[in-house]
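Each of the next two complexes has chain A plus one more chain, namely chain B in the first and chain C in the second.
Right after this comes the complex of A and B.
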């Protein structure tokens, strides 16, 4: 229960912190930290416009997308507290339920019959597909290291002892940050602030959504960031006592948000056709982690 | 008892021959239902632990024929029965459009019953001879079913391709049986077990691989898959559903049966199966993505799913070899449950494709679009099946894939360095298969059913009738049941899996990843998930009920007149993928560069071909043709010459041994000098 509360809490501020970081680094005054939440509330109050081309798929997809991400959040633990549910192989469930949401967001974009939205949908389908092996090999390596296969057990038995395990932790954090960037369609894979539809991925997919649906999709975006932040935090917090772990958790989430903001301020988006190579490279890095784990477990003898 | 069955079969054939068109279908369906009821009764008993045994007194040809339905046979019989039943019901309505082709329908009905009968026969006999007879009966009847539309040349070609390759499969299987009979003198299945107990492990492994090659051709493992993408699209849709759903699964049954009989080095076999299956899965889905013919796309997905089943079997075997109990149980359970699951969602997908074909007269997905507004039932059914085949929760595909993942992660903790590499390979493969399947089915569903129609004639599309949709809804209900209550089916699989694991002594000190227990939790999560979605939909309804909802055109990004041709096409949807996969796939592009200022009409065309087919089928055939061309001068159309050849042959047959004999005598004589 604590875990989901903390995720929701961080989701509240996460995007705000990113926007704030970006405005500070570019020397603007910028909107307040709660502006993204206010945007969503405004959207919830609005009516909506549907395209005449769309069908029922377009109308139910935002709800399924949101529900799938919320469902995925349920399995994420916090420190010595389990998530709402925790079982062997829950990360498989995590990945597949997210894929369900993605499936619906893709077909919902295709439902409009727009050429631009199809472009975004096609890219989303390809990129997130390539990100998945990296995630599975990463968690698999840590499962091998700890001897457990659920998020909670992996995180609570993970001891960052030797220098090699520290390296592994840092590499894992790197991969998870990158996966989060891909899944949330952020720099360097996608630029949420671009004004050209041809260069968008996620933004172009929701061109036709409006009102409540758009609000829901944006909320899902915030939630997704906080969710990945919670996983990253899980790698470092271990089972610290509560007065230490909550601030540490919030600090990691904030640090993650600031990192995202900094990346977006100082990096340019990759060329679209370089993205797959970049994402495949992630799988190689996670394979590196796997080899590192083998080294730690002295399997190479 | 067998006499009664054969009599009923003959009576049905005769009555199908004699009655009018409408009754032909009804008689076939009632017979199918009858066979389903009888065999399911026996099978359910066998599944709960009471094997059905019967010894048919021998004839001169076969000797005694033991019939035994154990839990493994029972599981496959039940799987076969359900899909054959829905196939028959669907086919009855589907074939109404062809009522004027009386003779074809007669043959079709008879072949259909024969396929069902042969499949059940294969699952229950324990004698190599009779097994092969049933196998041949199945191969020929399926051939007749496939070439229903035999006025089209492609259909005949696909049918011939199928029949040739299935006979190559028979050669392999026969070779295995003959080898065993040569060594032990018996055609009974027990002889195979005896053989493997008394011979070296190497001989056992070789025997298994021989059988595996034969059954793999039937199932469509890469590189034996090339017949499959031709035969499935050529057949009528219900036949495609049955072929993909159960006929190729009989190959899986064969592999599992041989695993039970041949006691050999399971670890080696497991690695071989695992490697081939992973390659099969990845290759199948990679080719599926670039197909533009909906039925061909589905056919390539069958190859992919055979790969997933194979991964399960491979894990199970390695588990047996390594005495890792949970790995073995999860691998085999996953494989067998996926066999059932795939037969459900794949037949459903083919039936939906059949509906689309009949309504829109095309399965070329580039010419379809927007069908969800015309055929909402078909679209939703296709969507559910697509979600299931991608392994997405909360449907049945997820359950079996989860079990296979569980098997893989059980392996993780006991594996050595080399096997860890194999593990990462198959894990990465399985994940990649899942991801690519999502890419493929988002493409297939959205291009066929969403957006606007792409070809003229879109307005005439109508939803299929209730009776044709009914078997499809039955399948969906079954699929959702497996998705939401998997423990019932996993319990039902205990006995079949037990056959593999009961005489292995397991190492109990290993870490256990109890994927089966996890499924209990996941059950509740799924229910919660569905309830939450309903809650959110209601909430959305309430929030937006008093708000302004407008309908307008799709936002065209500043372009005023949007046209259905401006939509994203299937080809463009997978463009970045096909660019990436270019080194592996065989994609041909015909493109005309635009260079003038006012270009005239241009054409752009892409087509894909199977590289493995080019290497393993086309090239050898070309070489063979070149070889036989050398002897073309012999075939000159003169009867006299042919008679002369005959005489030369006969003389040679008689004289060559005589002369050889003489030469040997002379040699002998010379040696003695």
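Right after this comes the complex of A and C.
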């Protein structure tokens, strides 16, 4: 229960911190930290407009997208507290419940019949497909290292003792940050600020959504960031006592948000045909983590 | 700590496989020089002090500073264009280098020799093959030389694995460095730009039957 509360709390501020970092680095005054939340509240008050060519799938998919991410958040533990849903092999559940939400957002984009949205959907599917092996090899090697297969057991038995495990932790944090950027369609892969349909990925998929549905999709984006931040925090917090772990958790989330803001400020978007190789490089790095785990376990002598 | 440095070494190989500009190659070579300095410092414990000082000076001065600076000077002087111009897309390069690492791991795992330090073996062999792959897949002469430098780094890593028992092997690895500097000087003195004028392979595509 504590973990989902903390995720919701940090999701509340996360995008605001990103926007604030971006405006400070570019020397603007910028909106306040709560502005994204206010945007969503404004959208929630509105009604939705549906195109006549769309079917029921277009109407239900924002809700399914939102609830899939919420389900995924329930799996994640917080230091010595289990997530609400926790069982052996729940990281597979985590990955595929996210994939279900993504699938519905893709077919709802196809449902509108717009050529741009189909293109964005195909790109989103491609990039998620490339990001998936990186995530699985990463969590799989930590499962191998600890001998457990649920997030709670992995995080609570993970001891960052020697220098090589620290390296593995840092590499894992790097990969998870990058996966979070890809899944949220942020800067190095996609630009949320772009205004040309041809260069967009995620934004073009939700062009037809309006009002309440758009608000749900935006909330899902905030939740997803906080969810990945919670996983990253899980790698480092371990089972500290509560007065230490909550500030550490919030600090890690804030640091993650500032990092995302800095990356967005100082990096240009990749050319679209460079994206697959960048995402595949993440898989290669997580494969190296796998080798590092084999080295720690002395599987090859 | 040695393992950490060697893992960073392999990551640098993956990075260089998707790099777009030649200057990135130079920077990665410098980084590899610094990593090798660290590995040498941590690994060679049972060696004579003067020999160790010589080897350390050689890695830090030549591999990490002098050769990369000279290469970047060379790129400016000979007006070599910035792109790496591979024959294959970067995406394929990345897959091939990952496959190289996988295959070397499998190969190292099948060896039943307990004295061999496996991680040194994996890193050196994959660096060697990556260097060969760079020589085969890039167009420019200067990238061929950089591929050779990478091969030489791989040989040096392997010699470090047995450096405590056979210090002469490390010195032989340093001899390779001298040979590499001859190659670079060849480019310097002959003012070779992107490709040999006479040996530009692309001209072969102009051949026709009459």
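In the analysis below, the second predicted complex is superposed on the first by the 301 of 301 C-alpha atoms of A that agree within 3 Å, B and C clash if a C-alpha of one lies under 4 Å from a C-alpha of the other, contacts with A are read in each partner's own complex, and residues count from 1 in each chain.
The rule is simple: contacts are C-beta pairs under 8 Å (C-beta built on N, C-alpha and C of every residue); 3 or more make two chains touch, one makes a residue touch a chain.
Everything numeric in this text was worked out from a predicted model, so none of it was measured.
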Chain B and chain C placed together on chain A: clash or fit? fit
Give one of first, second, both or neither to describe whether A:287 is in contact with chain B, with chain C, with both, or with none.
both
For this session: Examine A:209 and indicate which partner it touches, taking first as chain B and second as chain C; both and neither are also allowed.
Result: neither
With the two complexes superposed on chain A, say which partner A:15 touches: chain B (first), chain C (second), both, or neither. neither
Is A:164 touching the first partner chain B, the second partner chain C, both, or neither of them? second
Partner touching more residues of chain A, chain B vs chain C, is chain B
TODO: With the two complexes superposed on chain A, say which partner A:64 touches: chain B (first), chain C (second), both, or neither.
DONE: first
Q. Can A:276 be said to touch chain B (first), chain C (second), both, or neither?
A. both
Closest CA approach of chain B to chain C after superposing, in angstrom, is 7
Overlap of the chain B and chain C interfaces on chain A comprises residues 276, 283, 287, 300
The answer for chain B against chain A in the complex is residues 369-370, 372-373, 376, 379, 383, 387, 390-393, 398, 401-402, 405-406, 409, 412-413, 416-417, 420, 424, 427-428, 431-432, 434-436, 438-439, 441-443, 445-447, 450-452, 511, 513-515, 517-518, 521-522, 524-525, 528-529, 532-533, 536-537, 540, 543-544, 547-557, 562, 564, 566-568, 572-577, 579-580
So, in the complex, the side of chain A touching chain B is made of residues 44, 46-57, 60, 63-64, 66-68, 70-71, 74, 85, 87-90, 92-93, 96-97, 99-100, 102-103, 106-107, 110-119, 121-123, 125-126, 128-130, 132-133, 136-137, 140, 143-144, 147, 149, 197, 207-208, 211-213, 216, 272-273, 276, 283, 287, 290, 294, 299-300
The chain A residues in contact with chain C across the complex are 163-164, 167, 274, 276-278, 280-281, 283-285, 287-288, 291-292, 295, 300-301
Per the touch rule above, chain C residues touching chain A in the complex are 1, 3-4, 7-8, 10-11, 14-15, 18, 89-91, 94-95, 97-98, 101-102, 105, 108-109, 114, 118-119, 122
